[in-house]
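Both complexes shown next keep chain A, but they swap its partner, so chain B is in the first and chain C is in the second.
And then the complex of A and B:
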């Protein structure tokens, strides 16, 4: 276990240094991360204006708070592994990773975290600026804020494992674009990025609480905003833990089957 | 005339190249349908809670979505692939081959690659636009249609000129592809009426990254809310930006020294 920790630290140092060269590119990619929640925040506050105040229990300040926190949670948990893996399989780069005596998911986790180390100041500044402009209303509760970090950690792990497993589709097909886009549409609606899940129609809401998407993004945000009871929070954490176990098993099975299919020329 | 013929030739070559991969058509159609479904689903959620959005009725926002897909389709069909090929050619020095051809280089560069299956976005956008029009009913007469066509054409010229200016930067800078990503991210904001956004964002979407002129303004024309002075301003901006892009292109070209020469 200490061996793995050491590997993480070393890998972290190298990737941080190599990502630091591409600061500008990483920052530019972040524009979308800020713009998307910002657009929906503005759309929903326009809806509250035309409705004269409240929409399904949300006022303009509640929408601002919701989309601000959602932006932060989404940023903390997002991955780009699906694009990366497709490239690795197509170009045969995966061969090098397979030679290492370490599961490649570890370096991917470190890559993800170190890129976020670089973007964290920027996303926090964006959030602060947006908070000044859009005046969010928060109803923090101490216990909920305390549970937020574990919930965020679980959300990160569940999303990472699921997207990493989905990325393995590249072993079977070269046309992963369609799969990825289908996945993103599901994420968009079922993780509360178009609207808070409470505002979606009943069947969609029911689907969202069964599928993993809410537990990857929306749940920690709802928790931090004080929209859940302690019982709901405890149930949510349990569901997250359940998805974590399920995703871990799925990842192992699919990885084993995928590697068996993988052939690279040269190398 | 010659320009049209050349355009047709490049278009045909692009089509012939892609016809070898018919499965790509269905994949692209699938992706476009997903994208459209997302847009319509978003509208459905929002308009479940309100009758108007910043003064826009649902059918008018639907028309805006149609315009958004139409213009986005044109960008991805020819503008983006051609400009990306151009940037790559500057980096690798293969622009020499284009420059030696006996036709205007800017024109050749701008039509050099056509990704024909991207026409799915254009077709879907046109269908959505048609549906929105039929729901708006008789209120759209030939006069308003002409204003719409003029606004759309001017918007496309503005977007093309803006892309050309960004791509021309590659004569000086190395990683211009990243700058293009800024446009792609900002274009997403064009899904909704620009009037919704706060003033600083409206300014950015008009004059930093001119998304509004290609999406909101034509849709406004359809809704009959575009007055003559706004249309004239858009046309003037189109002419100005096109001229500026041409000038910038010439300056950049003078800097280009090629790889082999």
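And then the complex of A and C:
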């Protein structure tokens, strides 16, 4: 295990070093990450105003708090691996990854986490500015805030594994873009990014809970905002753990099949 | 007789690709949407050979001969369609960690170093991935830095290096874990003569110091002449020749070239052989290989020769002849 820790440290340094070269790109990417919740905040506060201050139990301050927390959770769990994998398969970089005595998911995880660490200050500053403008109302509960971190960690792992597995579609098709688009739309609606899941129609809400989407993004946010009972929180963590095991198995199976295909047809 | 098993053992190795085929034009494109015609292409069509531990073998063939496909099968990147294959006692396509730690593949046209950071940082990452002990790592980097004259290059971002400089760093990175099996696919492609020579010298030195087995493909015959005593030639997926470079020349050329220096071009040398040219008394003759010794003797006895050399035709010409003949 010390060997793996060492790899994580070195990959971390490598990512930091190469990230420093792309300050402008990071900035633009960050704008996107702030703009999306900003738009939803504006829309929903307008809706609340027109409805006399309350929509489905959410006031303007509740919406602001929700989208702020969601922005932070989304930032923590976001991946760009689908684009990365397509590039790898197309450009033959995958060959080098396959010849290393190391599963490539390890360096991808560190790469993701170290990039997040670099952008975290920017996201926090943006969140502070948005908080000043939109005046969020929080109902923190100490126990919920304590469980938030493990829930966030699980959300990250589940989302990372699922998106990494989906990215492996690049082994079979060169049109990964279509899959990305479809997946992105599903995430947008089913993970609570457009609206809190509590406000969505019953069937959509059910779908979001049955599928992994709620557990990748919305659940940690709901927890931090104090919208869940201890029983709901415990159940949520269990479901996250279940998805983690399932996603891990799925990743292994698909990876093996993908590599088998890659080594059959040549890269 | 050696009792150790060969480092590489290949028996009747085959690789067949299935590719969709269609004619040019919009109609054909539409048709291919409905039904795709698949054809099979045998990139490697039943080759067998052994390579002993510590050998440097040149793998030759024109474009599309199956060189890279074979190299990819040997390194575990491709699954053979049929045949037996063992490298360092392992089945390559299983890509077990113990196997991967002992091999390396350098592709002249692709790079594994991280583009935006100095090579030294990529070396550190390799150290962690291959679990190279720190003390060994320092010594190896120092050694490679001296041999390849990397010095200041290691601290510059890789994208700021010239092609040759980058290649040197690529090779160093690929050899940090001291692989016992080195696959080199066109390692000197696009490099100038000085850089080619340096890299060749380095490969020979690495082989001498570590006893590693080296399999190298190249278009450049000077690479092969400088490094490999043994060559394997494949063409259209089939093995055409496997043996010493010198045997290749004697097997595929029936002629030698004799160059004699006379005073002028007045003497008629046609009885001795085919006169290729004569300039300022320097006559180039083409004679049958079996007649070389006798003709040389006669020339020296009959004529006022001030200088005489016997040469094989250039290796490029020999190879060209091998490919032209198809099968030996």
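Following the convention adopted for this analysis, the second predicted complex is superposed on the first by the 262 of 267 C-alpha atoms of A that agree within 3 Å, B and C clash if a C-alpha of one lies under 4 Å from a C-alpha of the other, contacts with A are read in each partner's own complex, and residues count from 1 in each chain.
To be clear about the criterion, a contact is a pair of C-beta atoms (placed from the backbone, for glycine too) under 8 Å apart; a residue touches a chain by one contact, two chains touch by 3 or more.
Small disclaimer: the values here were computed from a predicted structure and weren't measured.
Assess the superposed three-chain arrangement around chain A: do chain B and chain C clash, or do they fit?
fit
Applying the touch criterion given at the start, work out whether A:142 contacts chain B, chain C, both or neither, answering first, second, both or neither.
So A:142 meets neither chain B nor chain C here.
Between chain B and chain C, whom does A:56 touch in the aligned arrangement: first, second, both, or neither?
first
Scan A:10 for contacts with chain B and chain C and give back first, second, both or neither.
A:10 sits against chain C, while chain B stays out of touch.
Of the partners chain B and chain C, which touch A:132 in the superposed model: first, second, both, neither?
So A:132 meets neither chain B nor chain C here.
Examine A:175 and indicate which partner it touches, taking first as chain B and second as chain C; both and neither are also allowed.
first
So in the superposed three-chain picture, is A:99 touching just chain B, just chain C, both, or none of them (first/second/both/neither)?
Second partner only.
Applying the document's definition of touch, where does A:260 land relative to chain B and chain C: first, second, both, or neither?
second
Contacts for A:18 in the overlay, against chain B (first) and chain C (second): which applies, first, second, both or neither?
second
Would you give the minimum C-alpha distance from chain B to chain C, in Å, for the three-chain superposition?
6
Mind listing the chain C positions that touch chain A in their complex?
17-18, 69, 72, 75-79, 93, 95, 97-98, 100-101, 103-105, 107, 110, 112, 114-118, 121-122, 124-125, 127-131, 157
What residues of chain A sit close enough to touch chain B in their complex?
24-25, 28-29, 31-32, 35-36, 39, 42-44, 46-47, 49-51, 55-56, 133, 175, 177-178, 181-182, 185, 188-189, 194-195, 199-201
Tell me, which parts of chain A touch chain C in their complex?
Within the complex, chain A touches chain C at residues 3, 6-7, 9-11, 13-14, 17-18, 21-22, 92-93, 95-96, 98-102, 260, 263-267.
Once bound in the complex, which stretches of chain B touch chain A?
23, 27, 30-31, 34-35, 37-38, 41-42, 45-46, 48-54, 175, 178-179, 181-182, 185-186, 188-189, 191-192, 196-198, 201
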